[in-house]
Structure formats: structure tokens, C-alpha cells
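Going by the order they are written in, the chains are A, B, C and D; count residues from 1 in each one.
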């Protein structure tokens, strides 16, 4: 059996403690429900982390033991410290997978990795959403039929301020007339990133078996890969693969660093 | 005749004033030479800006009057303030083109827009470089033969820590045995970005006519486009394109902002 | 003023002559209406061609004088000869733009250039379609608001059997619940290809000003580019850019051709 | 343990029987050597097939039992029947992986799937090649250092007439001064395609352990995925997911087929 994937589910964990509707749907928090559900997969080892924990739940030690990080935030994006964001970004670039959920589109870590606004249109009236597969054959779609029906959802609509995805996986239809690129992937450094938009907290979307399945598929897809991990470096002239002779001036020291 | 493109050439302008080799090659600065050369194009209006100017040369007023910004920095990346970077990034997302030159791969603005390390391998011994066209038909390659020969260049080698380019335009061959993705494009928001690696300051690379031509081509390619400029926004239920009825709880105020 | 773009609008021209509904909407054929409309653009020179003309309307001479070819076919895809398809394909690879309209998704030329099934889901009941811009800033979207409303349309739905587009421009919403990647681009050789799905012939979709505008934008985007046009070739050892010495056996003749 | 991957190594098997140099390097054929080497992997089940077998070695039965097909051809591309190509293409679109080796860039099946010329520059003088990893972290690069050194190789050079790869994995450096995109992937339908250029038959390139490793990695990467396999189809109005009412004329029969 392959080595299990170590998953950390991060949640700002605020609306579940403030808003009765949300509390009723997620009495143990969104992270609590997801942990319970994902733990039924033998190949996943689940832990959770929240904003109010030491080092905002994602210390270097936690990150070092995490293969794939799930990120759920909404009202407290600004409370996440820049140094926290930098720590997570570095770990993604070093190979950790990252799954950004729903309102996490506006998290500092997602904007940091994308370089764009990550803005979108929205409307919260509990309308119908259909999450259509547009990339059949992609492992994130395993076990999903042609679309996922979500009876009550928040509308997220185009334009979505993201870089062109490496892979577009899902496109959503909304009852009110909009569409949205609701599942997409990118690679940044050695790390794989999957954004998946369903999950507004006032509806029981993470109770939906297909939504749970997509997240589990996403974790497997985003796990660190065994590929080449070469680090960029200075290559002195005597280590050049062809024999060459140095020529001209320099702005560098002998070790390649700038003077 | 089409409206001219307003170009601002930004240079940290340090090595040209400190290093005699560089000063001899660029007595008026790299920005000075590029301004002189690019000004011969009737469709370009050229201005320059340097790090030591007010607001680091890129005030909001300057940016607002800039269609395409060229960025040359090497030893003073850290001196560029985060607020300067944010101002430039916002203008790129709003449609300004950005051409990042050579050591600008490590500038804060490029790293901000890419989300990655932007690191690479390097060796400064004046070896031969050939910049091969791998995207024939792309307008940035207009007037360029199968490759550009640069007699003395700094080696930049793979792995190059960038996101997958939207378009790969050039790949370089180096005498010492390496290759490098030396010309590539990305779109971020409404803005087009072109990275072009030749240009190490201790060799007269910006005096090379083909290098000059690629930069001029890049400016034309990167200029702001007339396309759709919709801004993401809250869409209230009474503005939905299909008639729908609100349902369920909320974490938003009536105007769509989070409570 | 720039050189005008020479456009050829190709139509199989069958349903307009057989089906009274279609005839009433397009009395001069779909090509006739598009020619009339597009001719109002000063930068476009319009000609039309139909399947029943000599060499199926796209002789080498016609292709040589065409910068951008529009393709409309539906019931007679199989009547297009393989040699016709090859002739058009070669011209696209050499730089001619190609705009494939609606049911042209199943044309031989589109399938030839894509390499895939190009199959899709469909339903012809005159439902509402909204064509959303998902790539703001792209020149094909110039002058288009956030979406195009089409009151009666044929549903085209995912999965759409195409290679990942180089650029995804539009995604459509359908009243019956589906979504579709309705505007997308690819480059093949030197030629640019734009597929745009609205246009079912039993509804007056090409009378819609926004649909006309997208097609005009697409023509301008797809026109041949001035970029590098190097032809792959044998490079004899004495033409190598670095001095090298031949070594080992061979399966080639001196001119590089296989024995 | 996961289900083994069923691999078929196809070879036109001509030069090994005609050219003494090639015969000395591959006494059992290129397919013979690759079969011997790849069989040492527990997770692969290897069979071979050659052009002179019934149905050109790739009958429907063989294809149905093949998860990943390797393709090596050079002098007999034209001998492969169009119906053979169609059979292989359909199986790729249905999910079979395809690994195209070296001169297979000009095979009918590769050109069919790419839609382009697949032409390139070449020179057969046994020069040095370095195959650089430009996509660290990609599973095809597992176990490979920063580059693969090949002492004697045929030069393949840009421009390479392919569509933009979904993923660029390797770029080669050649002693004579050229570069080449020597490893790249595409998805067509449900099938994954990997092109890998090293392998000219007059040098012992497939005896190189790193080259063997890349091919094994490629097979694992290209194996069929469990993802969604929805087939495009007509969706009658009474199966629409939202209630809608038919409107307007038609060019279809009740079952959705064209009249």
C-alpha cells in the first residue's frame, strides 16, 4: 500500500462560532466535518488547524509534516499575518499541495500564489448550482457524473480574476444566469494547487457526497510528486559542462553573488 | 495612424554609476540607451524613470500615463518599496503592459506577479548565447531570424522558477552547456507581461539590433487591449438575469459585503 | 491605414435552400448575411465561397488570397473532400486565420486541426443562452459587455471533445441547465484558430449585433502575423553554428533525407 | 499493489534488419531492447508489436488490452495504413496512453493527434546532447538529475511544428548550437500523450539508464485515469435539468440527428 497522504485542514473557524445558521450546519466547524468525512479514506491521515492556534495553526513544524493543506477562510483573511502567508507559500513552492476552498479565493495565500486580484462576482440567495465536468479523464473528476447538483449555493460569477489555469476542471451553472470556472489547477514551484469554489457556509454543501469526493480526489492529485527537485544555483566556470574560458567584466564576486 | 504607445523605461540605475565596465558600455544608463534606440520608432513615445526619483520613479501619475513599462533592476531589488510594487502591480492588473528585462527576474514586481521564486542558475563568464525562436509566427519574433547570436552573455539556466508561461517565445543555448526559457509571456488581470532574459550589463547586449527589435516588438504586443473590462461585483437578487427567489441564511449585508 | 484583411466566408449553403425556416432568416444564405454585415468594416475585404463551387469553393488560388477563412457547415461535412481539407489545413499552418462557426465543430477541417472527436452534447429547443466573457482584456471581447444574451439558441453542452484551448474566451449558460466553452482559440503552425459556437440556423443569431461584433473581432485577431516564419530543414554539419565533427553511423543520405 | 500497466511497444522494425550499425546496437530490435529493460519493472506488463504483423501489429484486440502504447517508426511512416492510424487514434481518445519516440514525430498517428506538421530541423553527426529538465516536480522527471548527458545523438532543432504542449518537460542542448523541446505532453480526449525525442537508432541511446527511466516514468504518467468518462449525446427537452419549453423551427429529427 502506498504511503498515506498527510492532510492538514485549516479553517479560520469564525462563522461557525458566530452565526447560528452556520453553527447548525457545522457544529464542529467546517474543518471538523471535513476531517470526519475525509478520515474514512484509508490513504489519508487527517489533522486540523485553526487561526487561533499558535503560529496561526501553520507553524513550520506543522507544514513540514503536511503533504496537502486545505484552506478555508472568509471573514478573517486580513488577520492572517504576512509571515504566515510567506511560510505557507515557501512550503507550496517546495512541493506541498494546496487546496483552496470557496471564499479562500480571496485569501492572502491564494492571491500571493496567483499574483492577481482573485476577485469575482457573487450573490448569496441560495440558488441552484450545477458543477459541470469540462475535463473528463482528469483524476479530480473520478466518480463524478456529468455534473454535481447543488440545490442551494452562493453564486460566484465571471470574470474571475485568476491567471489562466493550467487545467480547467469544472465550470458551474447558476440558476440566476451566471457561469463560473469553479474548479481549476495551477502548479507553483513544485507544488500543485487546486481551487474548488462550492462550499458557502450557510448551506450544507460539504455534506454533499460528490463535493466530498472531489476534495478527496483533489488531495490525491495535489500530493507531492517524486519528480526532479533541482535547486537553482551559481555554476562556476570550472563546473560548466562544456569547457569555456571566462571573458569580460563582472558585477559578481567569485561565488556568484552580486558585489 | 494608430495612437502612439506611451512607454516608460524604468532602471534602478546603479551599476552604470558604480562599475567602470558598465559605465563604458552605457554612459547614459541602460535606460538612456534604450530610450535613444526605441525613440526611433514613430509609434512609441518614450520616457525614462529611475529608482532615485520621487516615488521611486513610478508615481501613480507616471503609471497612469504609461501604456507599457520596462523594468531593469539588479542590485537594488530590495530597495523598491512594497507600496511601489503594489502600485505597479495594480496598474498591470488594470491593463498596463510590463516588460521585465534580464536580472529583473528577481525584482519584487516580477515575483509578485508570478507567485513563485523566479530563481535560476547563472554564470557570468562572457560565453556565447543563442536565443532561438520556438514560437514562430508570434509577433514578438517579427524580423528575427531563426536565432539571435550574442557573442558574450551571462548564462541563465534551468530550472527557472516561473509558472508555466502562457506562451514560450525563445529558448537560449549557452556555450557552457545549458539551456534557458529566455522569452516568455503571461497575462495577469488585463495586463500582458513579457520576460526577456538577454541584457547582462557588463556586455553590450542592448546595443544588439535584434535585441532592440525584440524589445520593440514586445512593447507593441504588451500594449493595453480594447477588450472587455468588466469589474467583478456583487449582483443583487433583483439584478439576476433569471428570476430567482432568495433562500436560506446569510453572512452578508444587503450590499453583499460580509457582516 | 493598415492593409485591409482579406476574408473568405465559406458556407456549405444547404439548409438555407432546403428548410423554409432557415430560408426566411437567411434569404441570401448565412454567408450572404455575414458578408453584408462584415463589409461595413473598412478594414475588411469580404468574399464568399460555397461547397458547390469549383474545388469546393476553396481552390489554392482562393486560399492564397485569403487572410482569414470563416467556415460554416452542418449537414454536408462528409461531402468535403479530404484533399480540400488538406489544402485548407496547409494554408492554416502557413498562417491563414480560421474561424469555425457553430456546427463547424464537427467539420473535417476542425477535427483535422484539433486531432480529437470535437463531439459535444446538444438540444435544439430554442432556449435562452448567455455567452459570458471569461477572458476580459482579450481583443476578441472588445465592445462586448459582461455577456451576450441570445433569446433562442441551440444548446451545446459539455463535455466538448477539444484539446485544451490556448485561450478560453467565452463560456455559455443555457436555460436548460448546461454550460459550454463557446469561444476558444488555438494556434496551429503559424495559423490562429477561433471557434465560436453561437449560430444555429433556425434562429436569427447572426443578426445579433454582438455576435457580429465578436466575429469581426475574431477576424482581426486571427489575421496572419508578421512573426518569424522559419521553415524546418536539414542542417548539414558545415552549417552548424558551432564547429563539430561528424561521428558514427548513419541512416541518412548526404542531403539529410532517409536512405 | 496497484494493477499492473499493460504496455505494447510498437516498432516498424526495419533499420535494425537493414543497417549493420543499427543491427549491432539493437540485435533484437529497438522494441526488443526496450521490452527487456522495461520488463524489469514489476508494475509493467510488456508486449511488443511490429509493422509486419497482422493488422500492422495493432489490431483492435491488441489495442483493447493496451494501457500505454509506445511508438517507434522512421522509414516506414507511409506504410502505416490510414485505418490503422484511425484505430489507434480512437483508442487514445478513449483513454490509452501514447508515448511517441524520436523519429515518431513524423508518424501518421502523431501528426493526426497534433493537427500540425510536426516538422523539425535535424543533423545526424553524433554530436553531444544534454536533455535538461525544465519542469522539476513533474513525475516524468523522477530520478533524473538536472540533465541527461547523451554523448552521441542526432540533433533535432527548433522550430518544432507542434501545438503548444500542455506541459513542457525537457529542453535539449546540442553541441552544434541548437536547442529543442525534447519532452512534452498533451491530452487528447481521455488519452495522455508524451513525446520524447532522444533515440536515434545509429547510437545506443536506449541503452542509457536515464533514457530508460524517463520512458518508464512516461508510461506511468500516461496510463489511463479513473476520471469522468461521460460521452457527449443528444439531450432531449424532457431530460433537460431545468424545465424548459421547446420553441422555433428545427433541422433535427426527434432523436437529435440531422434531417
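One rule holds for everything that comes next: contacts are C-beta pairs under 8 Å (C-beta built on N, C-alpha and C of every residue); 3 or more make two chains touch, one makes a residue touch a chain.
The structure displayed is predicted, hence computed values, not measured ones.
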>> Of the pairs B-C and C-D, which shows more C-beta pairs in contact?
In response: C-D
>> Let me spell it out: compute each chain's centre from its C-alpha atoms, then which one is farthest from chain A's centre?
In response: C
> Using CA atom averages as chain centres, what separation in Å is found between chain B and chain C?
Replying inline: 31
> Using the average of all C-alpha atoms in each chain as its centre, how far is it in Å between chain A and chain C?
Replying inline: 36
> Just curious, how far off is chain D from chain C if you go by their C-alpha centres, in Å?
Replying inline: 27
>> Touching at least two other chains at once: which residues of chain A meet that condition?
In response: 130, 133, 136, 146, 157, 159-160, 164, 175, 177-178, 187, 189, 228, 230, 241-242
> Residues of chain A touching chain D in their complex?
Replying inline: 95, 130, 133, 135-147, 149, 175, 187, 189-191, 225-230, 241-242
> Can you list the chain A residues touching chain C in their complex?
Replying inline: 130, 132-134, 136, 146, 157-160, 164, 167-168, 171-174, 177-179, 181
> So in the complex, which bits of chain C are touching chain D?
Replying inline: 15, 19, 21-22, 74-75, 89, 93, 112-117, 119-127, 152, 155, 157, 159-161, 163-164, 166, 175-178, 186-189, 201-203, 228, 230-237, 240-242, 244-252, 256, 258-259
